[in-house]
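Below you'll find the structures, each written out as structure tokens.
The following pair of complexes shares a single chain, chain A, combined with chain B in the former and chain C in the latter.
Up next, the complex of A and B:
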């Protein structure tokens, strides 16, 4: 049995972190949280989480950045929006989870081989370059990065899908991709300006 | 003793089902059948709800049709419906005291599970009552007039409101306050929750109204020392402490204070809870009512030693308001009702040493902070640390001396809201980070949950966890020079060390230290915690077990200003109901002396809790004033010659009742 010291000092808080998360549109309602636990009770995945959604909310508000960003909880969120619908204070918990995921990716503190952040990154990269997602290619890329063995072990299924024409290896793309780029650039400018 | 000797006793018996309350356990028809066979019983019935109109009608009808002259009802507690049934008996044409009630609900069906045994118990109780009621005699209730004046004890917000309500209705009020000014705790507050309106702005108009009201006699710096009499007719002795200033002559110009031989104010000032300074001659606070100075006998050189230049007297000049010859005075008044609004005292934070109150100068209590943020306070409203810096971070510790088996078990009810209000004020004054350590936030009052929500949105941090200790022991650089709180953040699941500049202890409320003396003085009861006990927690919240004595405000239990005012208004209305009816009907269960048997031993006189017994020197016999007698029976039991008897509790009645219970078994 290993015994570790776990007291939290003030230096471990990252002052202003909670405010930054709450600055994301729709997330400012976190201030009203009364820690009732409805979110954790509603969440179908909270039983797998290191920190329950309620604890995540408490820690964000109290500026415990590392504790939140390093926990698996934000990545297990399946965006079912159950918590957001049930919250008595109308806190957009799912949106806060997204804000936390974005922040974790930006700070590079996400679990490296965990499929969910990889999927998120690949998904946005594909939309950004092609304007549309080709699911088969997205899944391929996800497996390549997250778990190469899984791709190799399911080769039989792959061949079957190719035969039936369900495994498209050609990228789907939109027309006038330049307009998408303009839109994304405008959105990025908007975000910086806010 | 059998009234109407020679007349046949004809008893009617009624057993109530009380829905399923009684009938669910006791076999009511079986009891009725059993009683029907008893001697002297003419009618015996069971009915679903005896207290209902048809139930009462049943009694009235049977009295007429069967010529009944005794009635027994087996149902709930006499406390609830004795009055109802006596009324029905009277309406049926009988004297209401030819009636006996049997409690087979609280004493039987509600406390037993064995149906057969409970039914047998009901039969035994019914048999006892049927035997007893034979000896009942016709009695008359007496009427006593009610003196229209009212005494209000304690000049906090509750006492002020009760006095004004009565005075505005044209009743004469004596308001007695122990301190030199009325105003109580509320006068010390800066703002009030949840509206954040200025406490002084809403309180001082009421205080001046009391001072100026023609129907209110205000005796500040005075205490009630003796209460005699009974509802409607109390004689009260009030001790007026010498303030060495004639209240009639002083106009509150304060020239004397400026002229005092003590050039500097150097004595701790009570109004600022010891944080400000005053002279031996002072006015408690600018808006004090009455606007009359007071001399502190423990500090004034003239009072203490008789050796002073008396510059104050010189300054007062022709007005001659200062009077060192004043002595304690006892004044007697007559009132019909008394309203007790003696308030609370604050928990002494030193009793929880781990919070460092009295050790670390920047650990303060909530009332001290209140004085520190108010512009009339010792710092003029500037919130500073003891070294003059502005605090950057302030923590509140809630439930200090509340919800703790080792100090006080109760919730003081106001500290959550009081602390959130102060937290807002701290942020307004200093912009400091505020953290509130709480066990539960209790904000049930109107507008209070909204205030909590506002506090959350304003960024006040709430940490759920009871603080374990406060130290100045720094283990990290950021903790240097700070007070460090160690607590579990139970919601985050972390044990945390939090350094702050200032700590505010939200101290709870306690009964006044002399609450027990007051209880005896006014013949009230106290709950186990020491708060004055109301007659019924729901149905008679401002009445006490002594008729004509009412309670309001925090002497009954912790409460906020709106609740105190509501109770004060209720107490005033209760008093007015008695005054405007003009008379009291007295239960005729009083004790009386059979003079030929009285030996004049006087043993009954000191034991009477209501001082109802006097000694008739001419006859050398004890004499009971029926208006004062409450029918407690103490003297009846104590009389060595058995010469004191009691209506409704005559020996024959009690003995036959006991025989009834025992002979059934």
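Up next, the complex of A and C:
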């Protein structure tokens, strides 16, 4: 039997991390969590997570930044909003998971070649340049960056999409791309200034 | 009736059968659908994972364009678009920081968003605006004997369950019954399909999809009806991988609008049924019965 330490030490805390997450719009109510575990019981993905949603809530509040941001839990959240609807304290757990994903991407702390944050970044880059997303092109870019083997294992999907006339190779794009870029730049300036 | 229409990226790509069946069905019911000019991607869950404020600015451009066009209702068929546009409206109202970012961003493009346009799902519009009695009048080929598992997925009903229950919605059930179909009891109707995890982490994502397919088969359904392009793709496109892992659970998945089109007697070509991996055909004996009603 392998014995591992489960106790946490004061030295692992990053003071102020919990407060920073709670300052993100939508995440303010985390403090009122009663650790009932309804979120973990509702979550269709908690059985695959390193930390259950309830544990994530506790660790964020107690400033255990690294443990939370490095866990697979925040990336497995598929945004089904089951926990958010069920939480008796009306904590928007899904939105807290989003805040944690944003933080992990910003700090660059996710496993190398882990496809979920790569998908989020590639998606965002495509929207910024084209205004729209072309799914087949997005998936190909994801596979190139994350896992070349995945291209081979998905050949059936590729052929099926060609057969059903859904394999799009031409970028969908909006007309006024400059307008979109101006908007996002102006909004980002506002954020940095505040 | 006139509606503004926000297709979203999926309905122009992998989910084009949804648009291809939705538009003729709406036309058949006398509802006018005007595609929003120069709409952009809603941002989906991915942009929200990178930057929340910019994700709201991105989504708000669509709301602003709809308002500028004088739209009272914006019909949004994709679950992710429906959620993100509604969420953005809530955030603009609730969070001063996000409202400021949105105002700054839109202002730079001479746009503004006052929240006057309602973001609505076609299921809501069909049942609550147009009405089941009007729909019933248009049914010329009742889906008699067809057993359908109604699958709603997550993001239309949660967290903003505006027109139905968050866990046990019944709007599509009632619609399918009106079309003459037999709706099977399907308790997983709002359980997650795995979303993009089917592509990013198939070991986990495909298991979620498998659970949904297996339950539909176990309940004796002939077909799964869905209201979301990503759910349709997941339930339809991965049968080979799923069968290799857990055995066969073969059942087709179609958009509810395709079933409406069949019941309305619209030509099959117009309903994009050929766009699915697992083909769906009305069981001919059953359809025959329906075409020649017994007296």
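Here, the second predicted complex is superposed on the first by the 172 of 194 C-alpha atoms of A that agree within 3 Å, B and C clash if a C-alpha of one lies under 4 Å from a C-alpha of the other, contacts with A are read in each partner's own complex, and residues count from 1 in each chain.
Operating definition for what follows: a residue touches a chain if its C-beta (ideal position, glycine included) is under 8 Å from a C-beta of that chain, and two chains touch if they have at least 3 such contacts.
Keep in mind that this is a model prediction, so the values were computed, not measured.
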item: Simultaneous placement of chain C and chain B on chain A, clash or fit; value: fit
item: Partner chain(s) touched by A:33 [first = chain B, second = chain C, both, neither]; value: first
item: Partner chain in contact with A:66 - chain B first, chain C second, else both or neither; value: neither
item: Touched partner set for A:99, first chain B, second chain C, both or neither; value: second
item: Superposition-derived comparison: chain B or chain C, residues of chain A touched; value: C
item: Partner chain(s) touched by A:120 [first = chain B, second = chain C, both, neither]; value: second
item: Angle at chain A between chain B and chain C, C-alpha centres, nearest 10 degrees; value: 100
item: First (chain B), second (chain C), both or neither touched by A:157; value: second
item: Partner chain(s) touched by A:81 [first = chain B, second = chain C, both, neither]; value: second
item: Partner chain(s) touched by A:20 [first = chain B, second = chain C, both, neither]; value: neither
item: Lowest inter-chain C-alpha distance for chain C and chain B in the superposed arrangement, angstrom; value: 18
item: Those residues of chain A which chain B touches in one complex and chain C touches in the other; value: none
item: Chain C - residues contacting chain A, complex; value: 9-10, 12-14, 16, 38-41, 43-54, 57-58, 61, 83, 91, 94-95, 97-98, 100-102, 104-109, 111, 154-155, 158-159, 161, 166-167, 191-192, 194-197, 199-201, 204, 208, 237-238, 240-241, 274-277
item: In the complex with chain C, residue positions of chain A that touch it; value: 24-26, 44-45, 48, 76, 78-82, 84-85, 92, 94, 98-99, 101-102, 105, 115-117, 119-121, 123-124, 127, 131-136, 139, 142, 146, 150, 153-154, 156-157, 160-161, 164-166, 168, 172, 174-176, 179-180, 182-191, 194
item: Complex contact set, residues of chain A against chain B; value: 6-11, 31-35, 51, 54-55, 58-59, 61-62, 64, 67
item: List of chain B residues in touch with chain A within their complex; value: 441, 453, 456-457, 459, 461, 463-464, 475-476, 478-479, 489, 491-499
